[in-house]
Every structure is written in structure tokens, then in C-alpha cells.
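The chains carry the letters A, B, C and D, assigned in the order they are written, with residues numbered from 1 in each.
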Amino acid sequence: MNIDIDDILADLDRDTTAVDHTQDNFTSDGNTTRLNTSLDYSISGELNGKIGRSSEIISPAEDFAQLMRCWRNERCSPELMPYPHYLMTRILRRIQEQMEHIENISMGFLEESMNQISHGSGNVTGDGDDEDDEFGMGRGNNVINNNNKLPLLCMEAELERVKFVIRSFIRCRLNKIDKYSLYLKQIEDDSMNFLPINELLSKEEMVYHEKHLSILLKLFNNSILRHMPPELQAINDTEGTLNMIEEPDWKKFVFIYIKEVKDDSTLDRNEFGKPCYTVTIEELNEIVELTIGGIYVMRYEIIRQLVLDQKAYLI
Amino acid sequence: MYGDLANKLVLEAKRSQQLSNKSKKGNSLPMYHEELVRNILQEVVQLSKNTEYLKEQQQLGNMDSKVWKCQQFVMLLCMERNKRCLLAYQRLRSQMLDSLAWDNNGLDILHDTLGNTQDTTDLSPQEQEYLKEYSELITELKSGALTDIDLTGSLTPPSDVFIDVRVLKDAGEIQTEYGVFNLIKDSQFFVRQSDVERLIQQGYLQKIK
Amino acid sequence: MSLPAHLQETFSPEEIQFIVENEPIKIFPRITTRQLARGRVGSVSDKSSSNQWRLITTDANNLNNMVAMQSTEVTLWLALLLKQQNKCSIIAPKWLTIKELDKSIQYEKKYLDRFSSIPWNWLVLCQLLFKRASDDFHDPVHELRSRIQDLREIRQLKVLKGLKHLNNSHLQLDNISILEINELRPFIVGIMDKLREIHSASESNDSSQANEDIDI
Amino acid sequence: MYYDIDDILADSAEIPCKFNYDIPGLGYLEGNPGKQINKNTKIQLPLWLARILAIIGGDSEGADENGDETNENDNLPFLEMQTPDFLSNKVINAIKTSPESLDLHSINSHFIELANKWIALFGDTDLANVIYDLTLARSIELNNHASSVALELASNKPDNSNKDSIYQDGNNINTPFLLSMDEFEKKIYKKSHNSYKDTKKWLFEP
């Protein structure tokens, strides 16, 4: 499988990403079935089931809402969620463009203010006593101090916000990558997994995973393992008295909100005629109805598919 | 009894865990228990030798198989226990080192004295190497596709993008998109928070409410 | 750890605020941004775009078409920013009046086993508005505040009473708000996980299988 | 769980064991190096050791061939674990009588975790019910303490440097219940207390 996601993404439109022209690139591969399934997953996961309608345009607002979902799900779920490749590419590109845009605007302002300084009204140390201080925030020339700059102020603020979410999102993912590094290694070697590792992780995350694991193992080896008899040097022993590989706690309780999805054939009706999803907690032999709009504390494994299908949110 | 030393080490680990839990900001690591670790490793070597010896005896037919099996198991379990304790201790410390590296923006804190609270001599040579390499990894990750994000930046949501700051100590000139600021003690500026985050952390600037 | 331990358990209240700030709210702008040159939207030249909003997380249309004293809807954080710059007043949501809050309080008192359906962000939203837009309310803010406090206390008491129903299966907590969830999460999840572990430990007698796993 | 510090510590709890065989050379386990351990000897062993020795040792191949009595004896594991003090009838009864006023920490600092391990080892449903009720009943008490955050804490005191310390928060000083919590309960207490406190702080921020 030598498909470079980035190559495909490079073809995608800028702000208005048409979805399904990426499909062909994948089906030409020998590994058609599995790849398509996983791709379907990541696309439908990202776009809320809009696959197949090539005219569909994803607005920046929708994308950001989706990013917020990804961030909140990631923070609440015990497992590492699939990396939203397409979404992240679009948003990172928008950030970059916006930064350039802002720079252009502020360069303009800077020139303006330079001109003012050369005309003798400069106040560089800034004691903040500008008469034309429309925002009540002027502190000299190094500030945004007129009405025209209000959009710029908002755009800067927005940029900080979106950067924060991505930062927090990635840091959360890195933390899970570290926590489950050996487990992920195991997944990597197991081709039967639901997502190949290069879809579960971003390219950067794959590098991080590999390198961090290797320096950690080096630390373990140099300070402990190499002083041990050979039969005790393993770090991934799952057969011994204790499993050395930590897996996500699939049964961990999480808070979920059941979303309203129109015309979902998997929806049932409860005794009051309200639409709901029926799930079974096998260990307890219990059947639970999850009503649309309801909030529950549930075992993660029970509602995992609903979350992946975006029918439920972790909150 | 075998395993007692290892237990002591884990109690140490528990203590440093509690210490670092107390502050939300990553604490520095306590001293690496080099001697204790060495003694535990020695115990393992001793156990391993005993195991070899017993194996020879068994092969010579000098031992009842049940007795041999039991002795083997006891020693194996002791070795495994020691291994688990050693690894858990080292893993906990490696996690603390990770936090340290993130708090220091992936900078080489061993050679950066600015605002650094970690005493290098409290780390084992292997840990120092680990910290150096992990810091490099963070630096590497920060560039590339995620350059714009500043991965080591604040994990508190941005509240005020622009803030008033007071200069606490002279810090020379800084260049931002909004021009050059000459940071002279006691002067005040209205600046973009992200531009001066580091200077605030380092105590050069103070946010004015 | 690349994420501090306290953020691995739950969100910080500041993060909850951040989430809430991305919701839309109605405002009365005090400025007009709508430009007369119609039909050129989308192809604005670089020069005029410096006083146009171009945003990447929300639709900037409303911002670029503000007319003074004509209500419009923007994202809360933008509303708060405009408000801070004295460029708008914020229209408090309908449920945030003395009359509506009294209704909610009555409901909370009447039904001891459920929460009234005030919005999922009520506690955060009103806190933000009280703090940053207190002059935009028709009702006296201190009275609104005391009712919010009443609501908070009644609901807290309800939660406290409900805790004895924690179990190893699941809970249904409709209409519990985001800040309430977040505050309770470490406790509820911590205890329910343990109850689950205790129960499943008794179900799976693992001594027999462990026997086969061990080999010298 | 492999790297979990508390799990490792819980595993070090001592369990009374009875050996089913004479084993020469294991005297060091009871402080007599070089000596043998005699059949039926009672000895305290850490759980991490006892747990395995209690399920292995049986000579299954031999038993398959001839089922006479000697071989059946040979099928016993190396040792048997006996009910440890922290799960004695006395303790169980105390749990049933008044779970909230029990000093769990002094019975065993990892009581709940250990009880859980015991339940898993023997599939002990009765014990599971007792521990389940105990955990739940005490959690209510725990929550009462964790959620009572003194108002002064909500204000931003700059000198509040050790505010996260478990026993030093406002009205919680020297509360007997807090001192009676085991390590699991302490962990939950800290997490939830911090959560209540952070929320309150945010709500009352000036």
C-alpha cells in the first residue's frame, strides 16, 4: 500500500472541498475492499455521512464544528480515535492562509503607522493617551486603534482559538499514543485491525510514536533490561503472569449525548413511541434504550459504534 | 526476602507521584535511586544464577522434579516482580521527564539555566540522554505540518488575545507583527498575548488585569 | 506526559467556557458594517478587505452585514469581543429572565427525580453574560443571579441524592448541563468504574485460565 | 495495569499460606535460609508470589494415567492461600454494620483493590456484593467531603501554594473519614475535590 494521503489531499479544493473524487485513487489499489471500508469510515466520520454527493461543499463553520467534536470525543474516549486526515488538512491550510491574510493586513497598518510616526505623532513607549482611541484600548502606535482594525482583532482572536483546539487535540492524542505505545505497535503488526495504523495516526504522529517508543525502550534497556537474564528482557510479554501491554479500558464509563439523526434505519421506538437506539450490555444481560436527546453514563464499548458513526457524542 | 528492595523502590515512586500530583505544573524529579536500582538488579542476577545452578542439579538427576519446579517458580516470580517494580519506577520517571520537556517547550533544559527547576544531578545518565532526545523529538514535531500551531503553547483556552502587560525587568527589543517593542522596566504595553507568553512565563512581563 | 494529568480526567472550566463560547447568540450591533457596493461580495479587493471580516471557524456574513440596532446572530465569543469594544449589546436568551427562571425553579422543586430542561449551557452562559454584559439585561442582574444560584443549589441537592443510585450498569441524566457533568465526571466515572470492576471480578474466576498461561 | 504503582503495592500485601509439600531450599521464605519448608507449614507470602503458587504444582500428567489416591494428593498446588486478616469475618461484619465509620486505611491501605483481587481469584460473589455495597456507601460520604469547598478557596489567594494538599483544605482538616480512606478512595477524593474546587473557583471568579 503505497498511497500517500498527502498527494491525494493536495488535489483537494481549497475552501470548497468536493468529497468523492478521492475514491478512484484508492480503488485502483490491489487491496480494494479493506481500504475502501476504512476510507468510507474516515470520510463518513468526518463529513457526517455526506459521502456520495459530490456537489456537497463543506463550509469552514461545519469543519470547525467537526473539529470541536473530534477534540471533545478524543478527550473523553479511553481509546485513540482515528485521525481526521481530511478535516485537519483543510483546517491547517485555512489557518496558514488566514495567517498570511492577517499579516498582509497588519503590514498595511504598520506602514500607515510608520507614516504617522514620520509625521511626528509617534508614541512608541506607549503611555496610552490617544485621543482617537475608539476602542478604549489604544496604547500608542503598536496597537490596533481604529475602527478598521476591529475585524483584524477578531480574526486574530479566532486564530488563537482554533490553534488552541488543535494544540489541545494533538497533545491529547500524543498522550494516548504514549500511553498505548506498545498496544499501537501490536496493532501495527496485526493486519486484521479495523483501521490500518497510517489511518489511525497522522504522518507526524506515526513518526512521533516510533521515535518516542524507541528512545523509551533505549532507556529501559540501558538502565534495566540489559542487566537482566535474556528470558526476562521482553517488554511486550502478554503470556506471562501479567500482561505487559496496556490496552484502552474499553469498558470505561463515559458521558454521552444521543444525537438526532434523521431517517436512521437502526433507530427503534421505545414504549412511548420515542425514537431510540437499543443496546445490550452483555455482561449484565441488560438491554438499554438510548433515547434521542438523552444523556447517559455508559460503558464505552457499548456505545463506541454510535460515537464512530456520529450518532452519539462524548460529552 | 526477595522483592523487599523492589518494594522500597515502588514506595519511592509512589511518593514522587504524590508530590507531582500536588502541583498542577509539572514538578521536578526527585533523586534517582541509583544504589537501590543497582541492588535490585544484583538480586536478579543472583536469582538468575541460582536458577541456572538448580537447572544443572535437575539435569544431573539430583532433584525431585516437584521440588525443582517449585523452587524455579519462586525464583522466576521474584525476578519478574523485581523487573515489574524497576520498570514501573523508570516508566513513572520517564513520564515526569516527558512533562518536563513539554513544559520547557522542547528546549534542552539540561543546558538551559533559564527558569529551570530540574537538578541535573538528580537524573541518571540514561535519563539525561532520554530527556535530551525527547526534547529533540518535540522540537522536531513542532516544525513541519504543525508549525503554525505551536504545540508547546498554552493549554488554557485563549481568553484575551490582546492584553496589557507591565515590564518587570529589562528584556531588550522584541519584534512582533505589530512592530518593535522596547521592553524597559516599568513600561506598559498593549500586546498580543501569544507574542509575549514566554516572556510572562519567564517573569519578564506581568499581565495587568 | 504530553497532556497534564488534570486534563486527562475532565475538562477545565475554562475549556467548558470555550466550548460554550462557540454557540450563536443574538446581538444588537452599534455599528454598521454593511457596504453599499453590493454584488461584489466574495471578490472584494485586498484593500477593502482589511475592514471586512474573513473568518475560518464561522460564517462571517452576519458580521459583514451588520446594521446598527438591527438584531443579528453571531458566535458568542465574537459577541463578547464586540461587547467589550462597545460595538454591540447582547440580547439575553429568553429563558434568562426572572419569569422564566421562576418557572424552572418551580419545576425543579416539583419533580424531585428529574432536571428542568434549561439549556445545556445555562450555568456557563449566564455567568459570562452577568460578568461581561450585565448592562444588557432588562431584569435586575442581582435578582437573576440569586435565582441562578437557587437553581444551582436545588439541582446540586438533587444530584447529591441521586448518587446513591450509582451502579455498575449505566445512568440516565437527561437535561444535566455541561458544567454540571464536567464537575461531577471524576467522581461518577471513578466510582462507577470501580463498581463495575468489582462486579465483573466475581463473574470471571480467572484462576483456571491463569493455570494454562504459565509455563517455565 | 503492569506499570500501575498502586496495583504493584496492592500486590505486595501478605497472605497467609499453607504449603502442601515439603520443599527443601525454600526456607528463606520464612527467614530460615538453607532450610526446607515443611508440608502444612503456615507462612505469610506476598500476594504476587502466593497467587501463582496457589494454582500451580499439580502434576496433571501423572493424574491422567492412574487415578489412585497418592496421585490425587500430588495434584494439589504448591500451596493454599488462606483468608487474610483484612478479609476476616470480623472485618466483613464491621463492613456490614457501618461501612462509613470503618477505618479502611488502617485495615489495609489498598483494601478495595485487594478485595477486588481476592474476588477475582475465587469468583467470590458474596464478597463482591459486600465490597460493592461498601464502595458505594462510602462513596457518598467521600463525595460529601470532596464537594464541600470552603468559599475562601474560591477566591484567588496568591499564597495558596499547597492548596491541592489533601488534608489542608478549609473545613476538611482532621476529618476522621478522610483519614480512613484507602488509596483508591484517596485517588477519587483528590480528583473529584479538584474538580469541584476548580468549578467553584471559575463560577466565583471576580
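Just so it is clear, a contact is a pair of C-beta atoms (placed from the backbone, for glycine too) under 8 Å apart; a residue touches a chain by one contact, two chains touch by 3 or more.
Quick caveat: nothing in here was measured; it's all calculated off a predicted structure.
Undergrad: What chain sits nearest the middle when you go by CA atom centres?
TA: When every chain is reduced to its C-alpha mean, the one closest to the whole-protein mean is A.
Undergrad: Quick check: more C-beta contact pairs at A-D or at B-C?
TA: Between the chain pairs A-D and B-C, B-C carries more contacts.
Undergrad: Nearest whole angstrom, what separates the Cα centre of chain A from the Cα centre of chain D?
TA: 39
Undergrad: For chain B versus chain C, what separation do you get between their C-alpha means, in angstrom?
TA: Result: the chain centres lie 35 Å from each other.
Undergrad: Using mean CA coordinates as chain centres, what's the gap between chain A and chain B in Å?
TA: 26
Undergrad: Give the residues of chain A touching no fewer than two other chains, as numbers and ranges.
TA: In chain A, the residues touching two or more other chains are 95, 137, 153, 157, 161, 164, 168, 171, 178, 240-242.
Undergrad: Hey, what residues on chain B touch two or more of the other chains?
TA: 21, 24, 69, 73, 77, 84, 87, 91, 95, 98, 102, 155, 157
Undergrad: Identify all positions of chain C at which a residue touches two or more other chains, and write them in rising order.
TA: Residues 1-3, 6-7, 12, 14-15, 17-18, 168, 185, 203, 210, 214 of chain C each touch two or more of the other chains.
Undergrad: Going by the touch rule set out above, what shape does the chain contact graph take here: line, ring, star, complete or other?
TA: complete
Undergrad: Would you mind writing out the residues of chain A in touch with chain C in their complex?
TA: 59-61, 64-65, 68, 72, 75, 91, 94-95, 98, 101, 104-105, 108-109, 135-137, 147-148, 150-155, 157-159, 161-162, 164-165, 168, 171-172, 174-175, 178, 239-241, 249, 251-255, 281, 283-284, 286, 288, 291, 293-299, 315
Undergrad: What residues on chain C touch chain A, complex-wise?
TA: 1-3, 7-8, 11, 15, 18-19, 22, 31, 46, 49-59, 63, 77-78, 81-82, 85-87, 168-176, 178, 181, 185, 188-189, 192-193, 196, 200, 203, 210, 213-215
Undergrad: Can you tell me which positions in chain D touch chain C when the two form their complex?
TA: For chain D paired with chain C, touching residues are 52, 54-56, 112, 115-117, 119-125, 127-128, 131-132, 135-136, 139-140, 142-144, 146-147, 184, 187-188, 191-192, 194-196, 198-199, 201-203, 205.
Undergrad: Under the touch definition given earlier, write down the residues of chain B that touch chain A in their complex.
TA: 37, 41, 44-45, 48, 51, 77, 79-80, 83-84, 86-87, 90-91, 94-95, 98, 102, 124, 126-127, 129-130, 133-134, 137, 140-141, 144-146, 148-151, 153-155, 157-158, 161-162, 164, 176-182, 184, 187-194
Undergrad: Mind listing the chain D positions that touch chain A in their complex?
TA: The contact residues of chain D facing chain A are 1-3, 52.
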